[in-house]
Structure formats: C-alpha cells, structure tokens
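So that you can tell them apart, the chains are marked A, B, C, D, E, F, G, H, I and J in the order they are listed, and the count of residues begins at 1 in each.
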Amino acid sequence: MITCRSQVTEMILSCKVRKGLKWRQVAEAIGMSKEWTTAGCLGQMAFDKTQAETLGKLFELSDEAIAWLQIVPYKGSLPTAVPTDPLIYRWYELVNVYGSTIKELIHEEFGDGIMSAIDFSMDIQREADPKGDRVKVVMSGKFLPYKSY
Amino acid sequence: MITCRSQVTEMILSCKVRKGLKWRQVAEAIGMSKEWTTAGCLGQMAFDKTQAETLGKLFELSDEAIAWLQIVPYKGSLPTAVPTDPLIYRWYELVNVYGSTIKELIHEEFGDGIMSAIDFSMDIQREADPKGDRVKVVMSGKFLPYKSY
Amino acid sequence: MITCRSQVTEMILSCKVRKGLKWRQVAEAIGMSKEWTTAGCLGQMAFDKTQAETLGKLFELSDEAIAWLQIVPYKGSLPTAVPTDPLIYRWYELVNVYGSTIKELIHEEFGDGIMSAIDFSMDIQREADPKGDRVKVVMSGKFLPYKSY
Amino acid sequence: MITCRSQVTEMILSCKVRKGLKWRQVAEAIGMSKEWTTAGCLGQMAFDKTQAETLGKLFELSDEAIAWLQIVPYKGSLPTAVPTDPLIYRWYELVNVYGSTIKELIHEEFGDGIMSAIDFSMDIQREADPKGDRVKVVMSGKFLPYKSY
Amino acid sequence: MITCRSQVTEMILSCKVRKGLKWRQVAEAIGMSKEWTTAGCLGQMAFDKTQAETLGKLFELSDEAIAWLQIVPYKGSLPTAVPTDPLIYRWYELVNVYGSTIKELIHEEFGDGIMSAIDFSMDIQREADPKGDRVKVVMSGKFLPYKSY
Amino acid sequence: MITCRSQVTEMILSCKVRKGLKWRQVAEAIGMSKEWTTAGCLGQMAFDKTQAETLGKLFELSDEAIAWLQIVPYKGSLPTAVPTDPLIYRWYELVNVYGSTIKELIHEEFGDGIMSAIDFSMDIQREADPKGDRVKVVMSGKFLPYKSY
Amino acid sequence: MITCRSQVTEMILSCKVRKGLKWRQVAEAIGMSKEWTTAGCLGQMAFDKTQAETLGKLFELSDEAIAWLQIVPYKGSLPTAVPTDPLIYRWYELVNVYGSTIKELIHEEFGDGIMSAIDFSMDIQREADPKGDRVKVVMSGKFLPYKSY
Amino acid sequence: MITCRSQVTEMILSCKVRKGLKWRQVAEAIGMSKEWTTAGCLGQMAFDKTQAETLGKLFELSDEAIAWLQIVPYKGSLPTAVPTDPLIYRWYELVNVYGSTIKELIHEEFGDGIMSAIDFSMDIQREADPKGDRVKVVMSGKFLPYKSY
Amino acid sequence: MITCRSQVTEMILSCKVRKGLKWRQVAEAIGMSKEWTTAGCLGQMAFDKTQAETLGKLFELSDEAIAWLQIVPYKGSLPTAVPTDPLIYRWYELVNVYGSTIKELIHEEFGDGIMSAIDFSMDIQREADPKGDRVKVVMSGKFLPYKSY
Amino acid sequence: MITCRSQVTEMILSCKVRKGLKWRQVAEAIGMSKEWTTAGCLGQMAFDKTQAETLGKLFELSDEAIAWLQIVPYKGSLPTAVPTDPLIYRWYELVNVYGSTIKELIHEEFGDGIMSAIDFSMDIQREADPKGDRVKVVMSGKFLPYKSY
C-alpha cells in the first residue's frame, strides 16, 4: 500500500541507481527539460498521464505508483529548514547573503512585488573556463506586482 | 562611536532614502556591478579605500564610517533563518523545492563538489514578455570538486 | 535619523492612538480599501507619493518619514513564527488544521499551482447573526499554475 | 492493530488514489460540504456513525478503521511549524503579512475578542476572471468577545 | 512617544514597586476580579475608559498612556515558547503531562470541540491544608462544539 | 519485545477503540479518579501491581505489557513544544496569556515559590449554563516556598 | 525609571567590578550562603527587606532598586535554551548524558516523583587532589512523590 | 542486524523489565558504581570486554549486541533540547536558574576554566529527613583551567 | 530495496562491529587517508568504482550497496543542529568560542574570503605529552577570495 | 556604566578600526599568540592585570573597562546556533560533515573520551601553494579519558 508520494520517490531513486540511469535520459524519455523532470521525479512536481506511464516503464513502477505520480505532491525537498548538505547550503547562503540585494534591485526595477517561483523556469549548464569550469544557472520568473485595492 | 558595520548600513539606507538615490547610480559611482555594489552597501562585502571614500561622499559618511566600509563584515542579511519577506521567501522556496534537483544535476555533470558562493557573480535583468515581464537572474559560480586524499 | 520602515510604523501607531483615529477614516483619506490601507500603515505595503503625503498630514509625519512610506518594506508583521496573540493564532490554526484541505481542494479544481498571495485582495465584514455576529472574510487570489518546461 | 487516526488517513489517501475518487464525490456521499468532509478525511474532524460507515464502504476500510473515524483526532495537518509546501505557505504568508491588519480591523469593528476557528465554516470556489481565474475563499467565524470578570 | 502597550506595562510595574501597591488593591479600585485586572495591567486585556482613567491615577500615567490602556494589546506574556520561570513552567508542564488527558476527558463528556480561552474566567485562592497550604485554581471556559457543515 | 512505555499506550488506545470503552469505566475499574487514571493510561503515571493487572484484563495486555505499566514512564504527552491540537493549544494559550498574572498573584499571596505540579490534583466537570455549558476545571497544587539558605 | 529586575542585576554587576567585591563577601554581609546570595544578586531569588537594604549599601543602589530586590523576579539566567558558555554547557551536558540515569536511580530508590528544585540547596567547594583540584558540588533536594488520586 | 547502540539499549531495558532487575544488582554484577553502570546500560558509556560479557549474560544478549556494548556510543540521552520529563526538567531548571551562579563561584575560586564533565563522578543517595527524605547528589569534576598561549 | 545512502552506512557500521575492523585497515585497503576513508564510509563522500568494490568485499555488501557507494550522498553527519555528543560538541564549541577569532585572523592575513571546506584535507594524530597525550589536528583548506564584479 | 563584557568588546573593535590596528600588533603588545589574544579581545578569554592595562592603553579604555577585561566573560561569540557568516559557516560545516569521522578516529586511537577545548591551543598560518595559497590550522587539545567509577 502506497500512502504518500515520497514512497514513489524512493522507488525511483532505488531503480535509478540499480539501472545506472542519468537524469538527462529520463528527461529525454518524457520530452521535458532535465530540471523540471528531475524535480518531478524527486517529488516536487505532478506528471500528466503519458509522462507518468513513461516513467513507470523506465523505473519499473506498479500501476499504483504511476497513479501517485499524477497527484500533486506535498512539496519541499529538504529535511531541515537550514540544509546541511554543502552543495545545497551554498544556495541557502546565497539567499542569506544576497537576499536583501535581490529584493532591493527587483524593487528598484519593477516596484513592489515578487519574482514568481511558480511561473518559473531554470536552466543549469556547464560554463567552460580556463581557471576552472563554472556552473551557470539561468532563472526566469514572472514579475508579479503587489495588487493594491 | 561605531561598533559594528550594521550601523553604517543604517546610515547608508537612511541617506539613500533622504536623497532619493538609486542603486544603479551608486554602482556607477564606484564602477562596479549593481549586484555587488548593493550587497556591499547592505553590509555583505568589503570595499577598497577608493570605493569607500566615493561612497562616503555619496552617503555623507564620517571618516570612521568610511573606515568601517573597508572592514570585512559579519555576513548574512536576513533577520530569521526562514525569511518572512515574500520576495526573499520565494528564493528560499526555490532552494527548498529545487534544492535536491540542483544537487542531482550538478553532480551528474561535474561529480562530487559544489558550486561556489564565493567565486560567484550574479546578474539581474528585466526580461520583456508579452504575458508579463519577467525577472531574469543569471548566476555563475565556479565548480569546486571535493578533494579526496 | 530614520533607518527602517518600522520606525515609521511606530510613529503612525503612536499618533493614531493620540488622535483617536480609525483605520476606516485613514482608508477613506487615501481612497483605498481599509484592508490594504491598514496593511500599508503597519509596514506591509508601499504607498505612492500622493498617498504618502496624505498619510503624512494625517499622522503628522516628517518629510523623511513620508519618503520611507514610498519604499517597499521588509514584510512580515509577526514577532514569532507561531503567533502568540489569540486572534492571530486562530488564523495560524486554520492554516494548520485546514491547510491540507485547502491544498487538496484547490488542486482538485485547478490542478498543480497555488493561490497567489500577491495578486490578492481581502474583505473583512461583520455578518449579523441571531446566535452571535460573525466575522466574514472574503479572500480572492489569482490561481497561478505551476509552469512545466 | 490501528493505534492512531493518522493510520486511517493513510488508508483513505491510498484508496482514493487507487480508485481515482474526487473529494466532491466523497462529500456528496456523506451529504456534507467538500471542505468539512476533506478536513475530516485528512484526520482533522470526527465523523458520526453513519458518515463513518459510508466512508468505510467508499474507502474499503475495516470495522476497526471505521471506529477510529468516530474518535476525535489530535489535530494539526502540517509536518512543520512553517509549512514548506508552496500552496500552503502562501496561506501562512497571508497570516504573516496581513495578521496584524486582520487583528486591527476586527478589534475596530468588534472590540476585544477573536474570530472563532471552531464555530467556523469555509467555502472555496473558482472565480472566473478574464485575466486568469481566481480562487475565492469565504470564511465565516463567530466573533467571541473576551470576557471581563 | 509611546509606540506600544508594553511601554505602559513597564510604567505600571515600575510605579507599583515604587508605591508598594498590591494587585488586590488595584482590582478593588476598578471593581473587577484580581485575575482579570492583573492580566490587563500586564498588557493582556483592554480596559474601558473609566477603568483606564482610574488606573491612570493609581499608577500616575500620562493621558497618552491612559489612551493606550484602551487599545487591544498584542497578547502573549512570555518571552520564550517554553517558559523558563519555574512557577510558570509548572503550568506549561501541566499542559504537557496532562494535555492529552484533558483532551480525552473533555471529548468524552462533550464530543468534538474545545474549552474556550476567551469566554473564560479564573479564580486563584489559598486552600488551607495542615500538610502545607495549597494553591487552588478554578477555571471555567465555555465549551465550543466544532461546527460541521 | 516491548522496549518503551509508549508501545503499551498504543495497545491501550487501540483496544479502547475496538471495545468502545470509556475512561470513566476504566477509572472505576481501578478505583481512582478519571483524571489520574487517564493520565496513567496515556503513559504519564505509574500504576501499582493491582491496578496494572486490572488494566491488563480490561485492555487484553500481555504480562510484559502489565510489567511496563508499573515502570515510571518518560513523561510529556505532546509531540511538539507548542501543541497544534486546538483543544490543547487553548491551554497553552492560557499559560501564555495568563502566565505572568498567575505568577504575580501566587507571589502576592504566598511569597516566592511555586504551585506544585507533582503534589497536584485536577478535577474536570461539566458546568451547566443556559448560555452554553462550560468546562469547569479545579486544580489544586501544594505551595512550595523557595528555600533560602 | 526601573522597569524590571534585570536592570538591578546590571547595576550590581557593574558595581561589583568597579569595587572589586567577591561573592563570598556579599554573602557574609547578609549572612546567607554564597550560593543562594549569588543567585539572588543575579536576579534568581527575592531578598527580604534587611537583606535588600544591606545589598543596597554594598552596591550603592537607589531606594527604587532596593525595592525591586524584594520583588520575586522572572527566573532563568541563561540567554539561550542550550547555553553557549563552556562552563555552563558542561552542566547542560551532564543533564543530557546523565539525565536518564538520574531518573532511573531516583525512581529505583524512591518510586515515582521528582527531586525538588525549589526545596533545594547547593554547596560548591574546592576538593584538593594531587592530580589536579576538583570542583565538588553537593546538591540536596526534597523528594516529592507524585500524588495519585 | 544491529546498526546502532540504541538498539542494544532497548534490548537491555526490555529484558530488565521482563526479569524485574534493579540497577544496583546490575552494578554489583560488574563491580562498578550504580551511576556509571546505569549510564552505560542506557547507552552513554562504553564497557570493557569482561563487563560487556557479564551484562550479556544478565540481559540475554547476542554476541553481536555484546560487541556493540564495547563501542563508544553517540552520547546524549534526551529526545529534546529542553527535556519534557518533570524529573529531568528539574535538573535542566537548576542549570537555568543556578547556571550563572555556578559560573561565578567556580571562577571566583579557581579563575577561568571549567568543571570537567568527563573526569567526573556522581553519587546519588537517600538523605533521611523528618520533614521528608531528600535526594542527595554529590558531583565531583576536575577543574580544567583555560590554557593561555 | 536500498533507497538512500544511510542504509549502506548502517550496513558498514554493523559489519565493522561484527568483524572488529579498524578504520585504519579500511583506509589501507583502498589506499586513501584514514580521515577521508572514514568520512566516506560514514556517508559523507563518494567512492570511485574500484574503491567501492574493495569496500564491498571488506564489508560484505551487495552489488546494489556497492552502486550506492558511488553516488554522491546528501551530506551532514549529525542528528541535531547543536550536537549532543560530548566529543563532537567540543568541536562545535570551538567554532562558537573561536569562530570570530578565526574570521578576524584569516581576513587580516588574506582579505575577504573563506577557507574552503571542499578543497580541504585533515590529519588527526596522537601527540605524545608527559602531562597527558594530546590530539593534534592539522587542517588545510584553500583560501578562496570573494569575487568582486 | 559598563554592565557586561560585550560593551568592552565593542569599544575595542571601534578603537581598532579608528586606529587601524592589526591583531598581530595587539598580540605582540601583550606577548601572547595572535589566536589567544584575538579571542580575548573579542570577549572569549580573561586577561591578567598587566595584559589588561596594556590593552587599555592600546585601545584607550577607561579603568572600569580595564577591570572588566579581567573578569571571566560569558563565552560564545556567535549570534545564532548555526552561523550565517560564510567563513564561520564553513567551520560549522566541517563539524557537520566530519564530526562523526573525528569521533570515530579519536576513539579508535584513544578509547572513550574527548579532545579538550579548554586545554587547547590553535595556530593559523598561510600555507603557500602554487595552485592558490591555503589556510593551515593546527589544533592541539589534551585527550581527556572518560572516567569510569
């Protein structure tokens, strides 16, 4: 009996290691970006029926598990409020160190409002650099102005 | 008597509002990007002597305050571990929802290691869009491989 | 020297008590709803120039304070993550008890996405009832679908 | 052996996914609102005998599970004090940003007291809008004046 | 300039110590119980005009402070979520040790609902006992049944 | 293998639901108050041999479980420092709102010391009231003066 | 204007450093143990009139401060739940490492109940030892049996 | 498969209840104090081979469990930072109320440094008293002076 | 089915105790330092294929477990933000007591930047000392200057 | 009036910036290491009379401030349990990632006990490296075996 989406995430991770799959391959299989696909497989997005069935074959999932992939999950992928993993912590640190800067500059350009984390996309690429390759991340989120009424 | 950098940050913010300055203008004055300049003025970066003196004139700071601008500050710009401000929270949420995804994809591309938050730069731009303009953020951080020994 | 918006909020609250003003009167003075006006005066919204000047006269504020009213504030009006005040706690409790229900029903109706807290309005009214009058709150937030990419 | 209500919640969720049920259908089956019914199925309300038996058939529950549905549960549906799920977080954010406003306006209208979260009902509807449909939530809670003695 | 109720609480406490007043005397002066009066003076209840003026004379308060006594305060009298003071902690401990018991017994007697902390009164008395006097506390709160709808 | 008292609490709760027992009946069976008996069954008190054996028969417990009922448990019946359940939260709220009041009044009557939560008893009754029945709780705790030495 | 006991504690500490007083001398002056006297001066105990007046002379306190010394303070001398100071942390660690042991042994000897922290005394002495002197602490607290009723 | 020491602690506690053993008997069996022995059995100390084998017989442990008794455990015996159990909380309270006092008096006697919690012993005894027996705890920890360099 | 790396860590620890292995032996088997090897076995580093296979033989792991050893783990080896284990706490304490000192001295020598915890190595040795042997730890981390842009 | 050591720390930091002093110079002035001297100036160590007077001249302190430098301070130099400053966080991260490794290796070499953070010294040096200079930190702490008794 499957009682929450995180059980399916565990099945996917377990199968991915056993079969040595890459996230890029998974993304290609369902025809979506590697960022959104990975987030979905890690329990942060809901898949449509076709995507779920393709993933079901790839990860050898039961029909019940495939049904769960189409349910909107309870999101949030970190076990603690402040992440302990060094790679993820650096991102938390960027929010901490640059958070007030991002706020100031978005308000200066757009006025009061936010950058959406829902109408949002992200692209992660390797940036070749003679002094050591870099991770280049492009984020694009719709500006949502605060409504006054 | 100035006893910590945050007092100088308050002086800068107070003067900026009184004089109606823009961060872009401040950045131009010292010849650096608006992102790094704003972070520095908000107490997250240290300035060199020339930069500090230029800022001192712009924000009408005392010599003591100008000296403090050249001291490396205790960093972290948020009053709580989970930020309450909606704009900044969306960034925390991105780390929470996409954190494990970012980790998986960087490891898939680069192996074990992190994206540096120190050898790092950020660029925030308006992205015109007929369905509503977007905030485009490009981040670039050096990949640092975990040393095995 | 004013160094953050919360100082202006204190000035407003202090003057409001001294002069015995009502939030409805304040809202009428700037021609906006009582909900948005109160939130703004409590340091959660930014006012435009005309609104700020009207509030400045009403609350006997200095030009510097009026300038701060036009700056987007660092939002979040509660001193603790779980509010201690009984009236506000009941709202936290509603989120706690009904949060998963709201999630299920919005997803059932709209699919994956959220109800915006930015493109949002609220109306609070007295609802007469022979068994004891009730507080009626109508909230309206744009549905934002999660972008897949 | 069932030892707490959350085990029954898991059975319900598991069966709901397997059978592809909608909360509206569940609500109709027991003749109550979709909001109260969903909250009850998610372990936040107690059902009477008839309701529990109807749910038992719908979700293929054992007699023991049906007995548990009639027990008042330990309430609170969120795994953390500050919810990580974006949809639910927006509600927490509303309490954070508008909490002090709601407090001021209810006190201005009613005096000292609270809006009940017990003698309370909620209605969630789609609100058609050419700029994008909205979620409309109407909440009604009895005003309870603080007793002075 | 008074900017929040807690400043008035401090004035009251300071004057009470200077003049050596007893809470019983304060309560008699405004004709209310010692429990409600003390809670009000400690910033947990709002007073009416007559009460506030009487307290103003007793505690030598300014007109501005008297006005603040009539404003509903932000409630919650403890500096930490788990109180450190031993006397108050014992009450927290009672909630911790007996909380589930109180829940079970109220539900057994009344069904689903709560004991109101708003329509509530409390009486604290000395109970003579040859083995050592006891503190007797009688609490009375209206039962509020959960509304089903 | 039973390794802690909470396992026995779960057995008791499970059997109580299956057999439809009332706490009053349980209390009568061992000849103690319903308050102390319930607290004990919920893992907050230790029973003597006779009581434990009677409970063993009532709840169909093994000899090992009966032995555990006689062991002093690790006390504290709430899963979080601030309880989420609305009924129990109201009690936490009372401590928060009235905590400083209780402290002041006990000190005014008795001097420095505490009301014992160990040499303590509690009685919960229905109080008939035409405006809605009330929960009446009488608590009695020995006053313990702080020793000076 | 003095508004809480901690202000008096600061006056005492400030004067103690200026005058180079020892806690032993302070204790002798009021004829109590050094442990209780120090705790009282640090804001954890209430003094009687004679003691307060003697302390007032010793620490050059105003009459208002002397009055505050006779008020029962809000107790708890540590700024964080887990103390950061290494000396005090070792005591926290002892509770952490030996807490369950102390519980087991007191219950084995006395049955269910606690060691009082109110009817309690403590004596701290130097214990000469050729391998390095030791701190010897003798604590004595009345055993309080849990009341069954 | 045993994967951590706490599993062995559970086996010991389970067997101790089944066989009705006393900690004093366990301590005698291995010829150590009851305080150290109990702490070890509760997973806070490591045993040598002979001790572990004696305990293995007493508690009917497997060879694997006996091997784990000789491994240094991850220490800390409390499930929360602030303990909820009343007996253990009193000790936490002593640290909170008397912590600053202990610090002052040890520094006054010894200078800067700490009382060791490692080179440490404890003795818990019943102290007969006509007004009610007392728990007497003697602690002895080596003073460790802070090294200056 | 293995679903996360920590399951493999448990297998390794369990086998290590059963077979009485030393970390030095493990390190020699894979030809790496004892520090890095231990961290890897405890789930903090990723192994290459050869290392993983050698460890698989040593610890009698399945192929699935060996595959997991080559996956970058979610790092962070402590169950709580402030560690309770005395040995590990001392290190936390060093960060707490000396953290600001380390920051000042690194900035004084190198300017703004950090000592890398990724391009990092550590060596732990026994340092013989007639007054008691010492633990000598040598840490070496690349200095990373903050990028200005 | 100086009421705690942190006020003196602020005076020192303020003067250090005004006069452009280096910690190395300060250390030379009192003839101690730069690590211990800096820690002391930042409020983590107590100075003797001669050291305090030398520092008093260097930092232009009053006699009262000089007296406070000789008082053992309440230690702990970080404003939050998990440090936000990136340089200091890396050290917290090392404890988090390598904490269990350090524990294992010290126990393997020394048996049960800890590395002292009191009988401890630290040396921070620049380590020249063609691939980028490194920070080399040597720590030496006495091993303290757990006493069994």
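Methods note: a residue touches a chain if its C-beta (ideal position, glycine included) is under 8 Å from a C-beta of that chain, and two chains touch if they have at least 3 such contacts.
These numbers were taken from a predicted model, which means no experiment stands behind them.
The chains in contact with subunit C as well as with subunit F are D, E. The contact pattern of B-C recurs in B-J, the pair among C-F, B-J or G-H where over half of the contact pairs coincide by residue number.
Subunit E and subunit F, compared by their mean Cα positions, are separated by 24 Å.
The centroid of the Cα atoms in subunit D and the matching centroid in subunit F are 28 Å apart. Spacing of subunit A relative to subunit C, judged by their CA centroids, is 31 angstrom. Each chain gets one centre point, the mean of its Cα atoms, and the points for subunit A and subunit G are 53 Å apart. Multi-chain contact residues of subunit J, defined as those touching 2 or more other chains: 35, 74-76, 78, 81-86, 93, 96-97, 100, 103, 107, 113-114, 116-118, 120, 144. Remark: the chains found to touch one another pair up as A-B, A-C, A-D, A-I, A-J, B-C, B-D, B-I, B-J, C-D, C-E, C-F, D-E, D-F, E-F, E-G, E-H, F-G, F-H, G-H, G-I, G-J, H-I, H-J, I-J. Per the touch definition, subunit E reaches subunit D in the complex via residues 32-33, 35-36, 45-46, 72, 74, 100, 103, 107, 111-114, 116, 118-121, 144-149.
If you check the complex, the residues on subunit C that touch subunit F are 82, 84, 86, 89, 93, 96-97. Touching subunit H in their complex are the following residues of subunit I: 10-11, 13-14, 17-18, 20, 79-80, 82, 84-86.
Partner subunit A is touched in their complex by these residues of subunit I: 1-4, 64, 67-68, 71, 74-76, 78, 81, 117-118. Residues of subunit G that touch subunit H in their complex: 22-24, 34-35, 38-39, 42, 44, 75-78, 81-83, 85-88, 90-110, 113-117, 120, 122, 124, 126-127, 129, 131-144.
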